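Order as written gives the chain letters A, B, C and D; numbering starts at 1 within each chain.
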Amino acid sequence: MTIAYYLVLAAILFTIGAVGVLVRRNAIVVFMCVELMLNAVNLTLITFARSTGTVDGQIIALFVMVVAAAEVVIGLAIIMSIYRTRRSASVDDANLLKY
Amino acid sequence: MNSFPFLLLMIVVPAVGAAVVAALPRGRDLLAKQIALGVSLVVLLLAVLATVAFDTDGDRFQLTSSVSWIDDFGVSFALGVDGIALVMLLLVGVLVPVVIGASWDDEPVGNRSMTVFFAWILLLEAMMVGVFAATDVFLFYVFFEAMLVPMYFLIGSFGGPRRQYAAVKFFLYSLVGGLIMLAAVIGLYVVSANQGEGSFAFEVLNAIDIDPDVQKLLFLGFFVAFAIKAPLVPFHTWLPDAGAEAPVGGAVLLVGVLDKVGTFGFLRYCLPLFPDASRDFAPYVLVLAVAGVLYAALLAMGQSDMKRLVSYTSVAHFGFIALGIFAFTTEAGTGAVLYMVNHGIATGLLFLVVGMLIARGGSRRIADYGGVAAQAPVLAGVFLIAGLASLALPGTNSFVSEFLVLVGSFPTRPVFTILATVGIILAALYVLLMYQRTMHGPVRGLMDGQGLTTPGTGEPTAPAGSSGATSATATATATATATATATATETVTSARWMPDLSRREIAVAAPLVALIIALGVYPQPLIDLIEPAVAATVDDVGGDPGGTVPEIGTNGADTSGAETEAGN
Amino acid sequence: MDTVPADGLLSASWLLIALPLAGAAVLLLGGRRTDRWGHLLGTGTVVAAFVLALACTLQLDERQVAVDLFTFIDSGSLDVRAGLLFDPLSAVFVLLITGVGALIHVYSIGYMAHDPRRRRFFAYLNLFVAAMLLLVLGDNYVALYVGWEGVGLASYLLIAFWHERPAAATAAKKAFIMNRVGDVGLALAIFVMFAQLGTVTYEGVFGSVGLLAGGTVTAIGLLLLLGACGKSGQFPLQAWLPDAMEGPTPVSALIHAATMVTAGVYLIARSAPIYDLTETARTVVLAVGAVTLLIGAIAGCAYDDIKKVLAYSTVSQIGYMFLAVGLGPVGYAAAIAHLLAHGFFKAGLFLGAGSVMHAMDDQVDMRRFGGLARKLPVTFVTFGLGYLALIGFPFLSGYWTKDAIIEAALDHGGAWGWVLGGVAVLGAGLTAFYMTRLMLMTFFGRARWAPSAPGRPTPHPHESPSVMTSPMVVLAIGSVAAGFLLVQAFPLDEWLTPVFGEPEEAEHVVAPALVGIVVTAVMALGVLAAWLFVGRREVPAVAPERVSVVTRAARKALYADTINESLFMRPGQWLTRALVWVDNRGVDGAVNGMAAALGGSSSRLGRTQTGFVRTYALGMLGGAVLVAGALLAVTAG
Amino acid sequence: MIEAPDLSYAALAPLLFLFGAACVGVLVEAFAPREARHPAQVAVALVGTVGGLVSAILLAATRDLSGDGAEVTADGALAVDGAGIFLQATIAGLGALSILLFAERSLDPARSSFVASAAVPAGSPRDRELLTADRVQTEVYPLATFAIGGMMLFVAANDLLVMFIALEVLSLPLYLICGLARRRRLLSQEAAVKYFLLGAFASAFFLYGLALVYGATGSVRLSTISESVTTGGGDTLLVLGLALLIVGLMFKASVAPFHTWTPDVYQGAPTPVTAFMAACTKVAAFGAIMRLLYVGFGTDEWTWRPLVYGIAIVSMIVGAVLGLTQTDLKRMLAYSSIAHAGFLLTGVLGFDATGDSPGLAATLFYLLVYGLTTLGAFAVLTMIRDGDGEATHLSQWAGLAQRAPVVAAVMTLFLLALAGIPLTSGFTGKFAVFRAAIDDGAWPLAVVALLASAVAAFFYLRVVVLMYFSEPLADGPTVGVPGLPTTIVLAVTAAATLVLGIVPGSVLDLAGQAANLVG
């Protein structure tokens, strides 16, 4: 019943990532937490690929990595631009838009 | 002759007219008025011709025409009139020219242009014709809602000081009702679809029989919308605001015609389509109706603003109409429809003459007037006639309808009728109180002439003063009016400052006065027009279309027999 | 008694109504153009109507003639036709209305000579005559109702003729409203008739009313009575009539003495077939009549306003008539007879009073009159004759007609009979008292003339022009002769047989002769008392304050107004104010409150939109958990 | 050894147009001289979108998509069916209009609503001097084109993986162009950050859902999923997966409670971009939602129906109520879009496994009319300007009708349509979806929806009141004279709003025929 362990681990990782998004202020770190979530998913995918005996999971995982990379590029660009303006990467500083 | 598309023209002509008027450049006000008046007269002519073409012992719906509109929804652009709709069309045809004539010399608020005003009026006329002439529920709904837009702009752009509040309140109130009705409309369609080909055509829907529980829901959906429109207590509070803030012309159409859509809807849709539900709910509706008669009458007495007062009287009158409709007898129903027409004429005239008074005094407060009769006898006379008509004095048109409603309701609903009959005392009270306070007694309030201007000609002073109408004190208003209008003419202190009706105003009031008397003395032609349609409706709802002929002496003192006959 | 369709002149009897109506229309629509000859036209139409009425009546010879005009309202099983019924009863009334009406029109030419709005006055008078004729000529209850409210309108217009005077305006409104209260009764009666019998024509109703249950008939009778009370100023709706004296005096004479206020009597007499079936309703009528009779008489004793005294006298006399009709078949004819006689002498008295006011600069306070007999000989004589007729001086009108009623009352038999008879006799005494008081204060004693208002000269009484005095003379003759003619020479009860059936000869409880003597004696006592209280001593210029409770009550007309105000007016006003508050705060407040609540919740919810990414993320996470939970719950459940 | 799957290029033509144009755009960016770029990019983007639109229409015209013309291609990864093509055409059309809005250069004195150079920090001296420069960050055009392509792929995806890729392809460019406003750059960048972080967060959920479903069914192909759903429905993994997928999609569709980003991003992003998002993203997201729910989980509808029911109510109420107190027009329209998402879900609910329910067609139609109307409304917003860009505060609109009657009239038309007043397209759409819902017995939902739209009507009306019934301010905003692009957009959207309100028959038929999905 080893599958379960991987899944649980992945779930834990996913949760850690999600919680991280909620508790960390630095945009970069928040974003990294998202990445962590993605990779938790990857782990899940690989596990399922193994359990179901199909390769789809592994392929999807590769796709996800590529997407994640693209996301990193976009994300860092955005965070960088706002950082250069505000001299701060704290997501809490960015709340001009509200209510 | 019947192939001639009267109804379509009655919608298209004013709509086109509205477009033309709206397209006129600013400043061409006179031309705009002339076009508007012409168009409205054409519509009146069409309405009369349609009445001629209408065969009272023919089919229920005549002058029908139907073209498929939206296939997916089973909607068709179907027009047609029964006697009820026809008389309402006549009312529209009569009132709109009068309103245009009455608004001839109005000055817009701010730097708006009156051409827009007349464009809206014409568009409104098109919508009103449509709503009465539609024989397709969807089409009816479309006009029912679209009708709000012109009136919304009439109130909001040309109304009194609190026009924004009044306009939004009016619109939202009606919209809420309308949307609830929309749900019922769709539900009706679904029901018909489950029983075969889904359709919105009245004739089809009238034929299918609906499960009683479903009927209850659908009935409520329609009822709320119409009760808000009519309006019945407790859905009435938008009317005093709208009626008071709307420009006089708008108010006449609002109370005279628009609100009739509600009572019209009761007759055309609630009763025939949901007979069982109508019978089940009738007692509750009657409670609302009678409550309205008494409650609104008492409220009217408590008003200090003339236009609000008139609005409240209308609420009371709608109570009578609803009583007549939900008594399920031919007499009462006929009376109710007749009441719609007569109320449109009588209250229309009352609003007009109140407007003429306000145009002179620049205030809507009753307390600002007094002893007008001594200075403007004709104005006072017209005022009195309008008032007597609205308290249903025999010899005026309203008496016939009120009598029919009450005498027709009594056999089936004695208790409610007795309560409602008490209302005629209150009617006398609120009319005569207002009349005495404004027209009788010594010259008072604004009328003492302090700081008021003598308009050189007989023309009324523009409602520029009405901007300050509800300001705290009469004198303040008076001076405001003076400063507003006394640019050219010097202020005089003689009590003889208030001019009597101008020729135009007399020309505006005369037709309505004539109708009040004529329909008061010889109403039978209208009754003949109305009765078949009402009888058919009463038949739909399970009443005895032949009328409430009692077996003499058998049922003795108690009318409970008759009551159950309507209750089952 | 079957009716026959009209022929010959009778078929033109609709002209009776049309003529004055046309007059009114012309005068009202004609505007100032008709100012010069308006009054002549107005008078002419009524005179013409009178002539026509006379001709019709001569043709009538004991038939009931129906004139069918057009369909008024025909819907469902309701079929109201505009039709006239010309029968002995209506004929009598038509003659009274047009006859007295014509005289008063003539009188008004002089009386209103200096009023800038005389034309409109005549228009309203014409309108009244038309409505009143419709009231008595209609062949169904709806037509009667139309006329009924029509005269109410005319009365309103005429009482408020001098509408600059708040008192006049208020009195007019009061009259209309209290009449409306009565009208509700009449309307409901019509509804019941329709609901039960399916018809509202006299013929139909009377034909089948017998089939109804007793309760229903009684209900109809009482509802009709309510209407009658409103129109005739009977208890409990009598308060408006004295106030109505704010109108010009000719109005008081025509509408509030001779014709309109007697419509109630007409209504009950006309509905005789209904009342014959309901003892209860008749008893109530009797009670109303008796009570009113006394109230009017007592109040009449205390007032100093000459017109108010006459008004209360009217109330009281109509009480007699109600008493009579309440007695049933024996009383109908007597009531009508008294009504006609009363029409003559009361109209005469009012015209006389008007002439006095004319002379005294429109003052009405008798304490400022006195010694006018010499100054106004014609007025004095005519007025005096009217006075004698009213108090029932032997062999003048009142004597015959009133005695007939008193006899009938006594003949009613039993304790009731004695009570009613006693009341009637007592009333006769009181009548003698207050009328004598009036005579003494007005025409005899020292002249107590004073300026009507500061700055105005003390009036110099002078006799009125002949255009005013001649009608008074005619009426005086009438008041002398009418009684004898109607009761002895051409007995009215025979003339009315087609309507009320054969007058059965009731066995007399008390011998008629004896009754006559007793009544005369009581009347003499009243006169004597009046002389003792008023005639002997000086009349103070202002009413003395320190007087007995009875007098104070009488001066306030037994607190009728007080009761009305505290029972209806003030609570009504309070209720109105309360409801206005409820409507604004409650009903409308609920709506606005709902809107406000939405707005509030909106801004409160808006706070959740903090602008912090992390809050948003938390929200999403929570949402996700909820969604997952919901789906799991669904699948599990 | 895997052999390449066979592609039906004709069916993919719309997508190929878009992605082709996007790639060309990138090349243009790389090689074309700076001054030539802007016109070139606009041209390329327009060619791409219009091409996509035309090819989609041709596709629909040439083959019977409701019948055997429908197919799955690319080895089952892409569905070519009526609904897909209809939505692709809608997106392409709306996209083309959005591109036109992007291309507007005559309204803003700074010649464009996009930043001259995103790399320059906001507020720096260089930034100030660039403010009025002729330069524009022309990358927005290829980016937008990519996004449009992604959206069109999104609605055609027959495979969760493709759906995920499409999701990212449409999201990533949006994140970027949200931050490219020329004025109020701080707000714009903040919007970008928020959108990006939350978007990434949401797609992580989607992805996790994908993984779980994959684990439960052993496949990410919708058809396969639906088979295994019919056999072994109610599997916890599957249900959890579905839940997370729904979360991811609802986020894109800005349905409450996943709406929180919407107001901020709508307000902060450049108005043309906001218009683009409001119109196209919504269409794409709902296309995907319907495909997932109908095709993937249609046989298991009683699992998700109550959920969607509830979410719809929440979304309508949140949107309508929060909209009441907004003072910024863009923000107000954002809340309106949340409410409309709820209305759309009412249509989505009008679905039953038998498939002959009007829900799908109604939703398709509603998406079209809503997209057009909201696009038009935002287009009007771009015209009302004060010294600092668009004047989006309500108070600035007072008395607009007296200053610019035509603009006010057009705006009123759009607002009435959004409020769902008859004789406007909005009413037809509402009627369609509510009919579908009631037809499916969901009349309580319909009643709630109607009441919600009554509440929502209030804030639309408030704008009308301000424009018409209030007196204009002394220093009110100026009404810019729109150039050709904006004029075209306004003309098209206004005309559509009227026509679809008065004679919607033909388009309804179209939606009706298009209403089919292949598994």
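Note that contacts are C-beta pairs under 8 Å (C-beta built on N, C-alpha and C of every residue); 3 or more make two chains touch, one makes a residue touch a chain.
Computed from a predicted structure; not experimentally measured.
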Centrality ranking, top chain (CA atoms only): B
Pair joined by more contacting C-beta pairs (B-D or B-C): B-C
Interchain centroid distance [CA atoms averaged], chain B/chain D, Å: 45
Interchain centroid distance [CA atoms averaged], chain B/chain C, Å: 36
Chain centre separation in whole Å, for chain D relative to chain C (CA means): 79
Intercentroid distance (Cα basis), chain B paired with chain A, Å: 66
Multi-partner residues of chain D (each touching 2 or more other chains): 193-194, 197, 201, 263-264, 458
Numbers and ranges of chain C residues touching at least 2 other chains: 606, 609, 611, 613, 617
Multi-chain contact sites of chain A, meaning residues that touch two or more partners: 18, 21, 30, 91, 94-98
Touching pairs among all chains present in the structure: A-C, A-D, B-C, B-D, C-D
Sites on chain A touched by chain C in the complex: 18, 21-23, 25, 30, 91-92, 94-99
In the complex with chain B, residue positions of chain D that touch it: 358, 361, 402, 416, 419, 421-423, 427-428, 431-432, 434-435, 438-439, 443, 446-447, 450-451, 453-454, 457-458, 461-462, 465, 468-471, 503-505, 508-509, 512
Chain C residues within the chain A interface of the complex: 606-607, 609-614, 617-618, 621
Complex interface listing, chain D residues touching chain C: 193-194, 197-198, 201-202, 205, 233-234, 236, 239-240, 242-244, 246-247, 251, 257-258, 260-261, 263-264, 302-304, 306-307, 310-311, 318, 321-325, 455, 458
Contact set on chain B toward chain D in their complex: 69-73, 110-112, 141-143, 145-146, 148-149, 153, 156-157, 163-164, 167-168, 171-172, 175-176, 179-180, 182-183, 186-187, 189-190, 193, 217
